[in-house]
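For reference, chains read A, B, C and D in written order, and residue numbers begin at 1 within each chain.
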Amino acid sequence: MADYNVMEMMICVAARELEDGSTVGVGTGAPCAAAMLAQKTDAPNLVIMFEAGGVNPILPEMPISVGDSRTFYKAVMASGMCEIMETSCRGFVDYTFLGGAQIDMYGNLNSTIIGDDYDHPKVRLPGSGGANDFASFCWRMMVLTVQDARRFVEKVDFVTTPGWIEGGDSRAKAGLPLDAGPYKIITNMGVMDFEPETKRMRTISVSPGYSFKDIQENCGFELLQGAKIVETMPPTEKELRILREEVDPYRYIIGR
Amino acid sequence: MDVIEEGKGRLFTDPDPDKARAFFRKKSRKMKNKLMSLKMAVETFVHDGDYLAIGGFGANRTPIAACHEIVRQGRKNMGFAGHTSTHDFQILSAGEVFDRLDIAYIIGLEARGLSQCARKYMQSGKVEISEWTNYSLAARLKAAAMGVPFVPTRNMLGTDTLKHSGAKVVACPFTGKKMTLQPALYPDVSVIHVHEADVFGNCRIKGIMISDDDLARASKHLIITTERLIPNEEIRRDPTSTKIPYYLVDAVCEIPFGAYPGTMPYEYFSDEDHLQAWLKAEKDPEEFKEFLKRNIYNCADNFEYIALNGGVARMYELRMKEFLLHKEAENGGL
Amino acid sequence: MADYNVMEMMICVAARELEDGSTVGVGTGAPCAAAMLAQKTDAPNLVIMFEAGGVNPILPEMPISVGDSRTFYKAVMASGMCEIMETSCRGFVDYTFLGGAQIDMYGNLNSTIIGDDYDHPKVRLPGSGGANDFASFCWRMMVLTVQDARRFVEKVDFVTTPGWIEGGDSRAKAGLPLDAGPYKIITNMGVMDFEPETKRMRTISVSPGYSFKDIQENCGFELLQGAKIVETMPPTEKELRILREEVDPYRYIIGR
Amino acid sequence: MDVIEEGKGRLFTDPDPDKARAFFRKKSRKMKNKLMSLKMAVETFVHDGDYLAIGGFGANRTPIAACHEIVRQGRKNMGFAGHTSTHDFQILSAGEVFDRLDIAYIIGLEARGLSQCARKYMQSGKVEISEWTNYSLAARLKAAAMGVPFVPTRNMLGTDTLKHSGAKVVACPFTGKKMTLQPALYPDVSVIHVHEADVFGNCRIKGIMISDDDLARASKHLIITTERLIPNEEIRRDPTSTKIPYYLVDAVCEIPFGAYPGTMPYEYFSDEDHLQAWLKAEKDPEEFKEFLKRNIYNCADNFEYIALNGGVARMYELRMKEFLLHKEAENGGL
C-alpha cells in the first residue's frame, strides 16, 4: 500500500466524487487540487469554474487566488462574479467544495466569528466570501476538512453558509433552490453523507486505520451510521504520482 | 410588499434611485481631459466620511497604489465594501481608514494566510459591520448600476449572514418563492485599476471583470488608475472592448504597476515574497510601523514604492512569471 | 429668408434644444438628423446614444436602424440594450426624441393601436419599442411631429408611452422617476411646452407664417398659451447648408 | 408582497426558477462537437408549440437564415418574443409560425416602412398578445439569466402598456417607491447569429450585444449560426472576448451571410434593395406567394438564397458598404 499523508488522502477521495462531464465551483487550496487531480484521472471533461470569473481554464499550476490569472489561463471564458454566481443559480454548477471553522450535523458552516457574542467575538474570521453563494446555488456541496471535535460542533457559533439548515425540509422552507444541498463531507478519517429524511450527517466510509468510533470521538455531535460502512479506498499509486508530480509539484497543499 | 424577514445590519448607503439620479444628472457628460496625479485625484474625490469601494478581487487587478495614497493622505471614518478584499483591506486597516464596513470576505489573503493587523483592527470595536456575501455585494452594485433600489437573489436564505445583513426577504408575487432583496449600493467614490484608458476615461480591461463593470456604474465618483494611456482613436477603433465609458469617470491616473504587489493579468504576477514580508512585518507592531513608514508614508508615489521593492528589474521577473516564461525556460515548454 | 420645407424646419428647431455637453437617446429618422445637426452647429459635445448599444459614435451617415453598424461607428463603446436603458434609468441621459401616432395634452403617446377595442383594433401599430423606456427614464422627453388634429387628440386610444399621465403630480404618483417627463413638442407650426402645475400642453412659439389659431385648429384638445408667444426662429442658411450637405445629403429624411 | 397593480397580459412562459434549474441540471456540460446543418438543428431543437426567441435587433445580426429554415420546415403554434423584431418578424409572420406573442416592437422595419404581411397577420385575430417594451423584454431575459423569477424596473408605470402586459407593480420595501416587476422569460429555444464560434459553441460577437448575452443564458435550447468557425485554441487565446460559453449551446451551424439581407457588423451592410423587394412583394398576395416560394420554400439552404440574390459578388458590394469603402472610393476619404 502506498504511503501518503492526511491531505493527500482527502484530496484523492474528493477527486473521485467529481463526475466526468460535470461542473465544479472551486476555491484555492485542497478543493482546487482535487478538481485538478480529477481532470487528470477519471474526469478529463470536468469543468472548473472560479467565482471571480474564470471558466474551464487549462490550469498550468495551482492558483494562489480564486481571481489570479491562472484561473483563466487558456480558459474558454474570462467573465465575472455575477456571471459565475448567476450561472450557478441558474442550475449549471453541479458541485462545490467548501470549508469553514465549524460545521454542524446538518452541514451548516461557520466562517464568520468564533464566540457566542456577535458584537464581541473571540475571533473574527474572514466571512462568507462566495461560500454562502455556492452553497445556496450548486446542486451538491461538499466539504473537505480534518476530523476534529472543535470543528464538528453541535451548534455553530454563526451560520455563515447554509447546509440543510435544521434538517428535514427546513432548507426548502427557507426558500433556497430546491433539491440542492450538502452532499459529502470528506475528512482524514472518513466520508459522511446525509440521511435523506432527517438530513443528519451519516458516516458511510472510514479511512484505513480508523474506525467509526474514532470519527465519533472526534465529532462534537452524534453521527448516524450508514447501513453499511465501507472502508475508504486509499490513494492509488497513480493518483499519488499525478497529485505529487503534476498537480502540486511544489507541495503547496499536500506538503503542509 | 410584505417583508417576511429582514437583517438587522445597517445600510451605510442610501439605496434611493431618485437621489442617485439627481446626483448623476449633474455629472458632466463632456469628453474632457481627466488626467491628473493620483495624489490630486485622492485629494479631490476621496473625502473623510465617504463610502469607498475598490475594484479587483483578492489582490488581482486591485488598485494598490491608490490604497497607499489614501492611507498616505490619512483618510478616516470612511465606509468600505469588503468583497474578497485582501491586501487592499490589509493596507486600509493599517491606516484605520474605515469605521464601517460591508463584509463579504476580509482579513484573509486567501491561500497566503491571515492579516494580523486587519484582524486586530476588526476586533478593536472601532468598526461597525454588516454581513453579506461576495455575490450579494456584487448584486447590490448591479442593482445600483441598473438604477433600481434592489435586485432579488436566492442566496443568504436560512443563515445568520442574512440576520446580520441589511437584506430583506419577500415572497415573489409570480411564484410565491422566497427571494432575498439586495439593496442597491452606490459608493461615494471608487477606484478601479485597468489595463488601458484614454485621457477621457474610456477603459479596457483584459481577463476577468469580477464586478468592476457594475462597480464603475454604481459609483458616484470614479478614479481610474491605468497601466498605460492609449489614444482615444484606439478606443474608437474597437468600441466592443470598452468596459467602462468615460462619463462614469472623474479622474484618470497613469500608474504603471499600479496593482503591485498583486497580480495584473497579462502584465505581471503577484510578488509573493513582498506579500509575505507584509504578513511577517505585521507580527511585530514596531517593525510594522517602520515597514509602513518605509513602504507608504515615506514614499512620494508608486514609482518610489516600486523602486524600493526591486524596481523595473523585479517587475520584469514578475512579468516572466505571469506569462509562465520561467517554466518555458526551465522545461522547454509547458 | 431661406427657403425650407416642413421637415427641415422641425429638425432645425429641434437641434437647437440640445444643449452642448448633454446626452441624448435617439432613434432613426428626424430625431437622429436633429442630433447630428446639433453636433455640427452649437453642440459639438452632444453625446448620442442608441438604445441597442451604440454610445457616442462619429456618425458617418444617417443610420437606417437604431442597431445598425453606423450607430457604433468609431463609437467610444458598443454595448447593449440593458446598458443603455439602465444608464438612462440611472439618470445619465438628458434628452430623448420620440414620435407616435397620437399624443394627448399631457404628452402621453400612442404607438400601439388605433381604435377603441384593444382586442379588435382598427390598426395594429408597432408598439412601444424603446419609447416607453426612454420616456420613463430620460430627464427631458421631446416629440417631433406634424401638427394635425388626428395626432393631437383629447384621449389617445392607448397610452403606450408615459407623458405627464393625467397631469399635476400624477406622473410621480404612478411611480416614475422624479423630475423627468415631457419637455417640448416641436411641430411644423410651433413649439409647445407644459405648464408647470397642471402639466398641460402650452404653446410658447409659432412658426413663421402660422398663428396660435392655426395650431389650435390642428389640435384635438384645448391648448394653453404661454405668457408670451414668440415667433420660432426659422432655419438659418448655415443650419440648412449643414443639414442638406452633411447630415442628410441623400435627403432620406428631409426629402420626404 | 402586495401587488399594487398588475397587467392582464398572459405569461406564455413559466418564470419559476426551480423548474428552469431542473431543466438546466440535465443539460450537458461536456465540450462536445455540436456542428450540424441548420436543417438538422431546426429539426432537432425547434418544435411546434415551443416558445422561440431570436437574437439581434432590427435586421442587425439577426439569424435570417434560421428564420427561413423555421418557415421552410413549417413550424406552427409557437410563442415568440418580438423585441424590435423587423425582417425576422416579417418572415415568421409570412409563415404564420407563431400564435402567441410578447410584443415590444413589431410590424415595422424602422425607417424602411411597415410590413403589410405582418400587420395583416397581427390583425387576423390568430395571435394572442401581451404588451411589453424593448427594455422590459431585455429585463425579462436578464431575470432568467440571473436565475430569479423577476427583476424590478422603473418603466411601464402609468401606461396601458403595463395594463396589457404580464408585469406586476409593488412597493419597494427599502424606499417605498413603486417598482415594476418584470417576470423571467425562459425561451424554449433561441437562435443567435455570431461572428465566430468554435465547434463546441464558444462564441464571439463584435459590436453591440443588444440582449444576446442574456438571451443565450435564458434559453433552454440555443442554436448558434456563425459567419465562420474558429479553432478552440483561438477562443482560449483570448477568453476575454468570449460572449457565449459553449455549455449554453446545443447546435453550431456555420452559415456565412447568415444575417443577410440584414446587417452583420464588420462583415456586410444590409441589402436595402432586397428588403424593399420584400415590402413591395407583400402588397400583392399572389406575387408574395411566388416571392416566398422562390426565396424560401424552393431554396435548399442559405447558399441557394444568397446565390439567388446576387451571390458572393453582391455580398462583397455589401461588405464595401459596411466598411464605407464606397465613400472612400468616391471622396478620397471620409
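Methods note: a residue touches a chain if its C-beta (ideal position, glycine included) is under 8 Å from a C-beta of that chain, and two chains touch if they have at least 3 such contacts.
Predicted model, so just to flag it, every value in this text is computed and none were measured.
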Any chain touching subunit A and subunit D at once appears in the list B
Per the C-alpha means, the centres of subunit B and subunit D lie apart by a whole-Å value of 37
In whole angstrom, the CA-centroid distance of subunit A from subunit C equals 57
CA centroids of subunit A and subunit B: separation to the nearest Å works out as 28
Subunit C touches at least 2 other chains through residues 54, 72, 78-79, 82, 89, 137, 177
By the touch definition above, subunit D meets two or more other chains at residues 17-18, 146-148, 153-154, 177, 179, 206-207, 239-240
Among line, ring, star, complete and other, the chain contact graph is other
Every chain pair meeting the touch definition is listed as A-B, A-D, B-C, B-D, C-D
Residue positions on subunit B within touch of subunit A in the complex are 56-61, 82-84, 86, 103-108, 110-112, 114, 119, 122-123, 125, 131-136, 138-139, 142, 153-161, 164, 169, 177-180, 206-214, 263, 265-266, 269-270, 272, 322, 324, 327, 334
The subunit B residues in contact with subunit C across the complex are 17-18, 20-25, 27-31, 144-148, 200, 202, 217, 232, 235-237, 239-240, 242, 245-247
The residues of subunit B that touch subunit D in their complex are 1-3, 6, 11, 15-18, 146-154, 168, 170-175, 177, 179, 181, 183, 205-207, 239-240
Listed in rising order, the residues of subunit C that touch subunit B in the complex are 21-23, 45, 47, 54-58, 72, 74-79, 82, 86-92, 94, 137, 139, 177-179
Residue positions on subunit A within touch of subunit B in the complex are 27-29, 51-54, 60-61, 64-69, 71-73, 78-82, 85, 89, 108, 112, 118, 120-121, 123-133, 136-137, 158-162, 165, 170-171, 174-177, 252
